[in-house]
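Here's the structure, in C-alpha cells; my notes come after.
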Amino acid sequence: MSDILEVDSVSKSFGGVRAVDGASFRIGAPGIYGLIGPNGAGKTTLFDVICGRQFADSGSVRLAGVRIDRLRVHQRVRLGLARTFQECRVLEEETCLDNVLFAAQDKNLGREMIQTFGRSEAYRRTAMAEAERLLDLVNLGNLQAEPAGNLSYGQRRLLEIVSSLIVKPRLLLLDEPASGINPTLLNMLRDFLLRMFAERQIVVVIVEHNMEFIMSLASHILVMHQGRVLEEGPPAAVQTSQRVIDAYLG
Amino acid sequence: MPASGIRFAVTALLEQIVNGMMMGAIYVLVALGMVLIFGVMEVLNFAHGVLFMAGGYLCDVFVVHATGSYPLAVVLTMVTLAIVGMALERTVFRRLRVNLPMQIVASLGLILIAENGAVLLFGPSALQLSVPSVRSLVRVGELSFTVQHFIIVGATVVSIGALHVFLHHTRFGTALRATSQNAEAARVIGIDSASIYRITFAVACALAGLGGALLGPLFLISPQMGDLPLLKGLTAIVLGGMASIPGAIVGGFAIGIVEAVSTLFIATEYRDMVVFTVLIAILLMRPWGLFSVRVRGDA
Amino acid sequence: MQRLASIDHVPVVLGEVCSPAAAAEAPVASDYSIPLILTVPTAPDLTKQGNSFLFRVNADTDQLNEALAAYVGERHLSPLSFIAWNNDAGRGGVNGMKALLPKDIAIGYVGYFDVGAVDFSSDVTNIRKSGARAVMLLMDEEPGALAIRQIRDAGLDSQLMGTLAMGSDRFLTRLDAKYLDGMVQYSAFPPSAPLPRIQEFGKAYRARFGEEAHGFAAQSYDGLLLAVKAMQAAGTATDGAAIQKALSGISFDGVVGHIQFDGDNQAKPPVYITQWCKDGTRKIDFPANLKSECGAG
Amino acid sequence: MLPARTAPLLSGALFAAALYLVPVPFAGYPYVLFALTLTLCYAIPAMALNLLLGYTGLVSLGHMGFAGVGAYVTAVLMKHGIASFAPSIAAGTLAAGFVGALVGVPCLRLRSHFFIIVTLAVGMLLFLLFNNLDWLTGGAAGLPGIPRPRPLDLGFAVVDPRRPVGIYLLAATVFVLVFVIQYALVRSDFGRSLAAIRQDETLAASRGVDVFAHKLTIFAISAAIAGLGGGLQVVFLRAAAPQSFGLLEDINLVLIVIVGGAGSLFGPSLGALLFVALPEALRVADAFRMVLFGAALVALALFAPRGLWGLAAAAARKLRSDESAVARVGHS
C-alpha cells in the first residue's frame, strides 16, 4: 500500500527568503505525527504547501500516491485531506450543528443543483446522528443551536476540529490546535483526538509549539530546521537528539 | 502616406499627447486621493468624484464672490475641502472601515447629497468660470493650447513631489505609511491612527479639490463633472495595484494618454470603452494590478 | 404621460422636449386617443410611425438641413466635418445632412459625443487632420459654446455651422463675439428679422421675460394656439378624436409662419439661415428675399 | 406552531395570492397598475442582484447591463417579428446568462475590490454598446415600437397583455417564478455553500467548495434572471432605451437591494416598491427630496446595515423574544 502522505524535496521561497528548502518525509502507517521546530523553520509554510494555501516552487506532495501539490484546495479536500487553521475559522452566522452538517455536505456543484429542486434532505438526516455524537464528545451538544459566533475561542477550535472530522478524512492536518486553549479544554482535546484516532485509524499531522501537549499525543515526531527535516522518530528519541537540541538552543 | 499626411499625423499625435497628459494629470489627482484613502484605511471612497466637483464650485465661488484671484481661490478650495474631508472621515467613513458594501451605500448617499445639493445651490445648468489662464493661449508651431493645460500638468507634478516629500521625509508621512502597511503594528508602537486617518482624508480631499478647481475653468462646472474622473481614477488605481502610489500616478497618466491617442484611430464615442477594455484586459493577465507585488497567500 | 392620460384625463398634450421620451409617449397618446403636439424634438422618424395622434409643429432635421446644404453647396465647403450629439437629434441631423449635400462635397471627420461630455480636444485634432473647410455642430448651446471655444483656442479657422439655439442673443452670454464671427446656423425664428409677426412676438416676449425671444418659445406658443383653435373648431374640449380630426385639417398663420400638417401630421414652417457678424449682431443669409446686413438677423 | 418546513411555503403562497388579487381593487386605476407592474419589473433584477450581494457577498455594480442584454435581445427579436414573446424573452434570458458567464470567468478570480470596479467597468461597457450600436439597438434614440405579447386563453379567462391588467398579471407570474427560484436556490445545499463563501471564502474552500465554480454559476444565473427582468420591462414599456441600463440604474439597483434588505427573500421586493412605486407616485423627485434621500442612505449605511427588511426582521425577533420571555416568566 503506497504511503498515505509523501513530501519529496519541497522548496518554497518568498522573494529572497527560502522558507522551505528541500524538505522530504514519508508517512506510511496511520498515527498521530507531530511537526515541530524553532520559529522560522518553515513549518507553517510546508503545512500551507501540503494544504494548498501555497504552491511549492519545486518538489512534490502525494496523498495516497496521487500528486496533489498542483491541485486547488477544494480538490485536495475531496481526495480526503482536511485541515484546521491557526486563526481558527468557523461559520460565525451558522449554528454549531449547521457548521458540522455543512462540512459533511456533498459540495459537488451538479449534485447540489439537483438537490436544489429535488429538495432531498437525505444526507442531513444521515449525518445528523454522527454530528450530534461528535458534538457531545466535546461538550458542545447543548450548544447545537447556538450561532458559532457566540462560542468562546476554545469552543470554536473544538467545533472546527469536529467539523473537519465529520467528513472522515484520510489525512487530518491541525495547525497549532493547542494555541490559546486553557488546560482543561486541552485535556478534553487530547482525549478526543486519541479517541477519534482509535476509531478511525487515519493519519493526523499536528504542527505545534506546546511540547508537553505534542509529546504526550504524537507517536512520531518530525523536527524541521531551516526549511528541511532535521530529525524524525519517536518522541523519546527526538527529545534526546543532540542535533535537535542544538537547533533549538542555536 | 503623402509627406503632408505624415506631418498631419505627427502634429495630431503631438496634440493628443499634450491633451492626454492634461487629462491624465486630472485622473492622477483623483487617483492619488483614492489610493491614499484605500491604502491607509481600506476604504474605497466612491464619493471622491463629488469632492472633485465640489472643488470646481468652491473655486467658482472664491473667484467670483470672494477674492477675484484664481490662484488664491485654488488654495482656499483645497483648504476648505481638507476640512470637509476630515469631517467626512470622522462622521462617516471611520465607522465603515471594514464593511465594504456599506462604504458603497454611504458613498452613493453622499453622491446624491452633493450632486443634488449643487443643483439646489447653483441651479441645474453648468457654470462657466473664466480665468486668465484659460483665456491666454500658447502657440506650439501650428498647434495652440490654453495656458491652463500646462498649469494642470505642472500643478499635478508639484503635488506628486510634495506628496512624496511628505510621505518619505516627514515624521507624519512615515507614520502614515506605517499605518497603511499594518494598522495594528503601527498602533502598537504608539501611532495615533485616528489622527492618521484624519490627515489622510484631508490630503486626499484637498487633491480632489485641486483637480476640480483646475479642470472647472477649462471646461464647465456642473453637478456631474466628477463622475467620469471618478471612473477613470478608479481604473487608474486598479491598473496601479490598489494600494500603490506610483502605480496610481503611472496608471492615471497612462489612461489619459491612451484615451486621447486612441481617438485618432477609433470613433471618439468609443473613447471611454477603450479605457474599460484596457482595464479588463490587464486584469486578466495580472489579477493583482500592474505594480503591486504578489501578496503572500495569493495562491 | 400615463398619469396625464389616465388620471388627469387631459384632452390635448403639448409636446415632449427630447425625442426618445416623445417616442415612448406617442403609443400612450394613441392608446388613449389624446393628440400629442410636439414643438421641439427634431428626429425625422418620430412622425413616420403612422401614429395619427402625433403632430409636430417644428421643422424636423431634414427640413432644417435643406437650407444649410444649399449654403455648403454654393460655397463648395469641402471636406465638411461634423461634431454631433450621440443621440437621435445628432445622428439624425448628420445622416439627414449627408443625404441632402451635393455629391461633390466630401465628408471629413465625423465625431459623436455623449450628452454631458465637455472635452472636444480629440474632435479638434481629427478635424485638423482631415483638413476640413467647414465644421457643422449638431448640439445645443452649452456644448456648442464649449466646442467653438476649444476649436478657436486650438487655432482652427474652419467655417462653423450651428443649430437653432446658437442663433440667439442668449448664446452671446456664453461666448464673446470674436469666437462667433462668421458662424452660420439655420433658424426657425430670427428674432430681429424685419417681419411684423416676428417683431410683435419679440416685443411681447421681451416685455414678459426681459430677454430676447427664441425659436423654441415661438414654436411652443404656436403649438398652444393651434390646440386652442382646433378645440374651438371641433367644438369640444374633451373628445380627443374630434380634436385630432380638426388638427389634421387645420390651416393656421402662427408666429413662426404658416402651419399646415401633411399626411404624417408634420408641419412645414419656413426655415432661415443667419450669420454672426464681428460686432455680435446677426444678418440673414437665406432666403434670398430677406438677405440683410448685420443687425437685422 | 407550524412545522418549520411549511411555514415559509405558506407565507409564500399567501404573498403570491395577494399579488394576483391586486388587479381586482385597482382595475379602474391603470396608473396604479402601471406603477406596480414597473415595481415588479425592477424587483426581478433586484432579486437577481440579491443572490450575489445578499447571499454570496459579491458586489456587482454593473448588473443592469445584463438586464440590458436580456432587454435588447428580447426587443430586437420581437420588434422584427423573428419570434413571439415566450421564445424571445427566453432567448434574452439565456443571452444575459451567457454574457454573465463570459464576464464571470475572467473577473471572478479577482480580489473583492478589483471585482467591484471591474463590474462597474463591465456595466459601462455594456451601456456604451447599447448606446452606440445604432444598427442593432437603435443607439441613443432607443428602440421604439416593441409589440406586447398576444392574448393567452386560459379557458376560464383571457389574459390580454395589451391591457394594463393583462401585462400586470404577466409581470406578477414572472415575478413569482423568479421568487420561487430565489427561494429554491437559497434554501438548499447550493445556498448553504454560497453562504459559506460569503462568510469565509478560505474556510469554504477548505470544506471542499469549488469557490470559483459556485461563484460563476450563481453569477450566470443572476445575470440570466436580470436579463429576464430587462426583457419584461422592455415589453411592458414597449420601448428599449440605453439610459434604463446605464450607471444610474446600476446604482439604483444596488440601493434597492441594500436598502430593502440584502440577504433576505422579501428585501429586494420591498426595496423595489420603495424606489420605484414611491417616486413614481411622487412623480418628480426634485433636488431637495433627493438630498434628504441621500442623507437617509448615509444614515442607513451607518446604523442599519441589514437594510429595512433587516430592521423589520430584527424588530420582529425582538418582539418574539419579548413574548417568549414573558411566556417563560409566566411558567417559572
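As written, the chain order gives the labels A, B, C and D, with residue 1 at the start of each chain.
By definition in this document, a contact is a pair of C-beta atoms (placed from the backbone, for glycine too) under 8 Å apart; a residue touches a chain by one contact, two chains touch by 3 or more.
Values in this document were obtained by computation on a predicted structure and should not be read as measured data.
The minimum number of touch steps linking chain C to chain D comes to 1.
Contact tally for A-D versus B-D: the pair with more C-beta pairs in contact is B-D. Centre to centre, using the average C-alpha position, chain A and chain D are separated by 42 Å.
Computed from the mean C-alpha positions, the centre of chain A lies at a distance of 76 Å from the centre of chain C. As a whole-number value, the distance joining the C-alpha centres of chain A and chain B reads 47 Å. Measuring from the averaged C-alpha position of chain B to that of chain D gives a distance of 33 Å. Multi-chain contact residues of chain D (touching two or more other chains) are listed as 131-132. Counting partners per residue, chain A has 53, 73 as the residues that reach two or more other chains.
Counting partner chains per residue, chain C has residues 86, 112, 114 touching two or more of them. Those residues of chain D that touch chain B in the complex are listed here as 53, 59, 61, 106-107, 109-114, 116-118, 120-122, 124-125, 128, 131-132, 247, 251, 254-255, 258-259, 262, 287-288, 290-291, 293-302, 305. Those residues of chain D that touch chain C in the shared complex are 29-31, 34, 131-132, 134, 139-142, 144-145, 237-239, 241, 243, 283. Note for the complex: chain D touches chain A at residues 184-185, 188-193, 195-196, 199-200, 202-203, 205-211, 213-214, 217.
By the touch rule above, chain C contacts chain B in their complex via residues 86, 111-114, 116, 118-119, 121-126, 128-129, 131, 142, 145-146, 153-155, 174.
Contacts from chain B toward chain C in the complex involve residues 8-9, 11-12, 15-16, 19, 23, 125-126, 128, 137, 139, 142-146, 219-220, 222, 224-225, 260, 263-264, 267-269, 271.
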